[in-house]
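One chain, subunit A, appears in both complexes that follow, with subunit B as partner in the first and subunit C in the second.
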Partner chain A sequence: MRDRLMLSMRASHAFMTIFAVGAVLCALWGSATGDSFYLRLGTEALILAGLAMSVELLLGYGGLLSLGQALYFGAGAYVSALVLRETPSFWLAMGAAFGFTLALGIIGGLIANRVRGVYFALITFGMAQVAAKTVYNTRELGGSDGLIGVPQIAVPLGPYSVSAADPVAFFLFVLGFMTLLYLLLAYLLGTPFGRVLTAMKANEKRVPFLGYSIWRARMVAYVVAALVAGVSGALYPMLRGFVSPELMFFETSGDALIMAVIGGLGTLVGAFYGAALITALKSVIGSWTEHHLIVIGALFVAAILFMPKGLIGRIRPRAEAILGGKRAIRAEAQEEHP
Partner chain B sequence: MSDPAMHIAGIGISFGGLRAVDNVDFQAERNAITTVIGPNGAGKTTLFNLISGALRPDRGRVELAGVDVTGFAPAALQRAGLARSFQITNLFFDLTVWENLRIASQVLEPVSRALLPVAASRRALARVDALIERFGLEDVETDLAGALSHGEQRRLEIAMALASEPSVLLLDEPTQGMSHSDTEDTAALIRGLTSDVSILLIEHDIGLVMSLSDHVVVMNQGRKLAEGTPETIRANPEVQAAYFGSA
Partner chain C sequence: MTATLDYIHFILAPQMLNGLALGVSVILVALGLTIIFGLLDVINMSHGEFYAIGAFGALALSWLGVNYWLLIALVPLLMIPVAVLVERHLIRRVYDSADRHTSTLLLTFGLALILEDLLKILFGPNTHRPENPLPGATDLFGIFIPTYRLFLIGIGIAVVLAVAFVTYRTRLGAMVRAASFDANMAGSLGVRVGVVYSGAFAFGVALAGLAGVLLAPIYSVFPTMGHDFILMAFTVVIVGGMGSIWGAVIAGVALTQVQAISSLVISPVWADPIVFAVMVLVLMVRPQGLFGRLGHA
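Right after this comes the complex of A and B.
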């Protein structure tokens, strides 16, 4: 296969299939044992994978470091919670979160895309901090307590209905939702538009001389990433029944970044593995010691030093070789030893 | 009669006190090779930057086939049919040769294809095949651009500029650093392009300039010193003093 980027994406699909099968097995185990704690934790990991995918799109494919993706995740969560408290309708909440993060993403994109590099990172960080502090200080949004009492809804899916109160069913629903989001992004990245992003990451200065406006490409990527974060966030109150300003804090943006990096930037599917790994680590280490952040931080440093391409970035070349043969191996070797 | 491929009128830019390009005028005829020569620092690359939109001119005008395109952004100029290569190799080093050419050809497709899979871009993919064959890149098409030899990278650089089927092609020292035989091959290749495209070339190898060019523009310290056929340029005493004498 000559299209190496397509080959890489196929390899990612193989890992996505493995992940989904593993997740379904977990759901079966949860259903058999009557567990709800771990299934809800797993559902949260899947929701965070959505946020990590938005980081993947921006940083892993477009080379744009955003330190404030939690802004859109939190905005989606709050809008969803506000709607659900009035009208417990899944599609209404999802639609409202989509529309709101679309508008917010356009505004944020217009501001952040005035600058590049470090300044872009700082502006995205600043905008998220401003939004988080504003929510924190707004009594109508529950202030520092956030909004509680979001009812447990039923998600209507044609003839079926999935109850958010059922841990197994809701876990499987969120798994399906995130898989769909993954497939949409994978499709987008395989179009001429998506390839402009890849080119932008590889050599931004060359792109205008191919006939493409960098500003436009960055803008579209930014807004799509905001939407991905927003609709993922909209699922959060359906799972937990509440939202709090922490969802918008830097820790959330930072976690998403760590998940994307540990999973493997530029692999897309790495977002799922990273989210699962970090969520599991936080939970396990959190039960041993209060200082779980120190451990996570140290692991992050070690991962960057010893596995800079992340988990999937490290093992994907083998899958590419199986799927694509000798040519893939040769280009891969060139990447290792330029 | 139709307009020339390109008309440059009184173009200029200053960097601080330095007049890097100062009031330069000339025309590039259609399907011809117009070559800009001059010593290092004469302002040739800066002239290309002004024409290709990388820099905005302080003064003067650029016309493509009679249409004023002065101050257009590079992306708009590219879509107006002007493409360029770079003196300092400017590729997507982490992407394969095939993908470099594919992304450069992609602009041939209508915008309505922007959200279809790249495999649906028939015209762009056919263009990639043609370029790979024409530039002899078959053996390295799935290698990373960054892993190619210098000569191969320079060839890819030209192929990238040609990918969009431009009407005007700017080539900034395409043979720089190439071996003698590579230079000969590339010269023949450039000569073969003029049936489809009008070329503006910057070239150092004086033998090549004389054999390849239809028209020569000589620059020195930002200004146009002379222009004419290769023969008249070679015979011009002022040019000999400023350029051939020092070279």
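Right after this comes the complex of A and C.
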């Protein structure tokens, strides 16, 4: 099927290819210079891109503003850390994080999908806040210190094995993992479910008249977003060797939102560019002042005021024109000025 | 029997009074949130930061030697022009975007980041403890309660009554409610809707500032102090019904009492989850909250 969504997805794929190639080049540069700090930072940016992708799915495609995606990110990270401390097995940790965030996402979805609009935003905010405080106050989970001493593991991939201790290899592995997640989500958005989701964002009242269940679409989107955030979070302790309650705090959810908005809502690939940009900014500003919030906040406000479609959303129409001919540009113009 | 009475007298009653003092402060913050939402359809994510600005404003002015009792009036007044500027030049620009709720929420969230960091730059990340203007305790029917908390309860009730009176019993309040109910119709009947919007936002922010001034002597003052408070305020607003004044008052008292009494039985760190559970239960039964929206009831 050839339509607006497929065309915009093809443009996003082009941007994803550029991003992946750029990331591989960075990895090559890193391995040539023997750097590990920036590669680790880059890996963290990729993990955060996973969290930002879950925001993309909910807000960018479904129009559902969640202020608590860090809940699932943190839950995945904690479960992964707990498993890894007992048995250092990658697949076991991933499986446990997947199962736990699935259950948590279903429970959270049942609660949050009772309400819509701003209530949804506030209740997701509240759920994450309460979960974070609970973890913060639970001594068994390390309380405010979090869990330390997560061993560095080897990721078995068929005949090969990637060591999390090797910055280059782990960076490339996480890049591959996130690209896979991206492709899965892109596929999902092309299915009938994805169409219902985008239809719901366009006009929530009409969708039920066409015979589709709003509740089901919202629930599936919410649970899938929880899973994406959860498995991304599960990678975090493998990278850093520890987890802390900060991973669940609103700051983390807020960062994911900022990344998704600055990268471009409704582009999916914007999550990667946003995460890379914000992580880089934080690192650069952080090297000479601790007040990076004010810069990022100002950038975010400016993006909402002057570039509401984000970086990728701004340049994507051109990519679409190259990929799909002039017709696409006309369709875009009509969409903006009907 | 006497044991029960003693329990009520010396443990339950003081705890409930302390809960009420907290409740009054939560209500002041939630009242601003609910008014801004009820009128402008904006979730003000920077409300907690305005609350912190109120507290820091009081702190800075008291360093300059301004009398505390004057601050209670002065700080909220000083915040009004700031709020008007924010509404005029930032929030108003995204009113007409496709999804107003989302874009205004994100905008005020970005603003919150900026304001929080500004406070950190100006005052440093450390915790300040302003002097208590009313030290000592008062004997109220055999219950000793810090005098300042009693004063807080009194002034809170006065503010709530004043807000309710203005909203429901004056011509100004009628204009505000009309603008909330149908901005176009109110505009064509001569209500200056733009001014009402700015005014309502400024008023909500001033209430947050007032809460900051009033709470500074009880709680410590630090740049992220709004974070702790805002969840409770949001919960109160959701349970009470977004945009409802009486809803905010009733939910504010009820939820802080739940919090106060439950911390007698279990560890206070679990009070937040319990309050949240109450919110979930209310939403299960009445997703729109306990009361209807400002101007719609």
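The rule is simple: the second predicted complex is superposed on the first by the 333 of 338 C-alpha atoms of A that agree within 3 Å, B and C clash if a C-alpha of one lies under 4 Å from a C-alpha of the other, contacts with A are read in each partner's own complex, and residues count from 1 in each chain.
The rule we apply is simple: contacts are C-beta pairs under 8 Å (C-beta built on N, C-alpha and C of every residue); 3 or more make two chains touch, one makes a residue touch a chain.
None of these values were measured; they are calculated from a predicted model.
In the superposition on chain A, contact is made by A:Q129 with subunit C only, not with subunit B.
Of the two partner chains placed around the shared chain by superposition, neither subunit B nor subunit C is touched by A:L25.
In the superposed model, A:D3 lies in contact with subunit B only, and not with subunit C.
After overlaying the two complexes on the shared chain, residue contacts for A:P192 are found with subunit B alone; subunit C is out of touch. Legend: residue contacts after superposition of the two complexes on their common chain; A:L293 is shown touching subunit C, with no touch to subunit B. Legend: residue contacts after superposition of the two complexes on their common chain; A:I107 is shown touching neither subunit B nor subunit C.
Of the residues of subunit A, not a single one touches subunit B in one of the two structures and subunit C in the other. Interface residues of subunit A facing subunit C in the complex, by the touch rule stated above, are 59, 63, 65, 111, 114-115, 117-119, 121-123, 125-127, 129-130, 133-134, 137, 250, 254, 257-258, 261, 291, 293-294, 296-298, 300-301, 304-305, 308. Subunit B contributes residues 52-53, 73-75, 78-79, 83-84, 90-96, 98-99, 102-104, 106-107, 109, 113-119, 121, 141-144, 146-147, 164 to its touches with subunit A in the complex. Residues 2-6, 187-188, 190-193, 195-196, 198-199, 202-203, 205-206, 208-213, 327-328, 330-331, 334-335, 338 of subunit A are the ones that touch subunit B when the two sit in their complex.
On subunit C, the positions that touch subunit A within their shared complex are 37, 43, 90, 93-94, 97, 99, 101-103, 105-107, 109-114, 116-118, 120-121, 227, 231, 234-235, 237-238, 242, 267, 269-270, 272-273, 276, 279-280, 283-284, 287.
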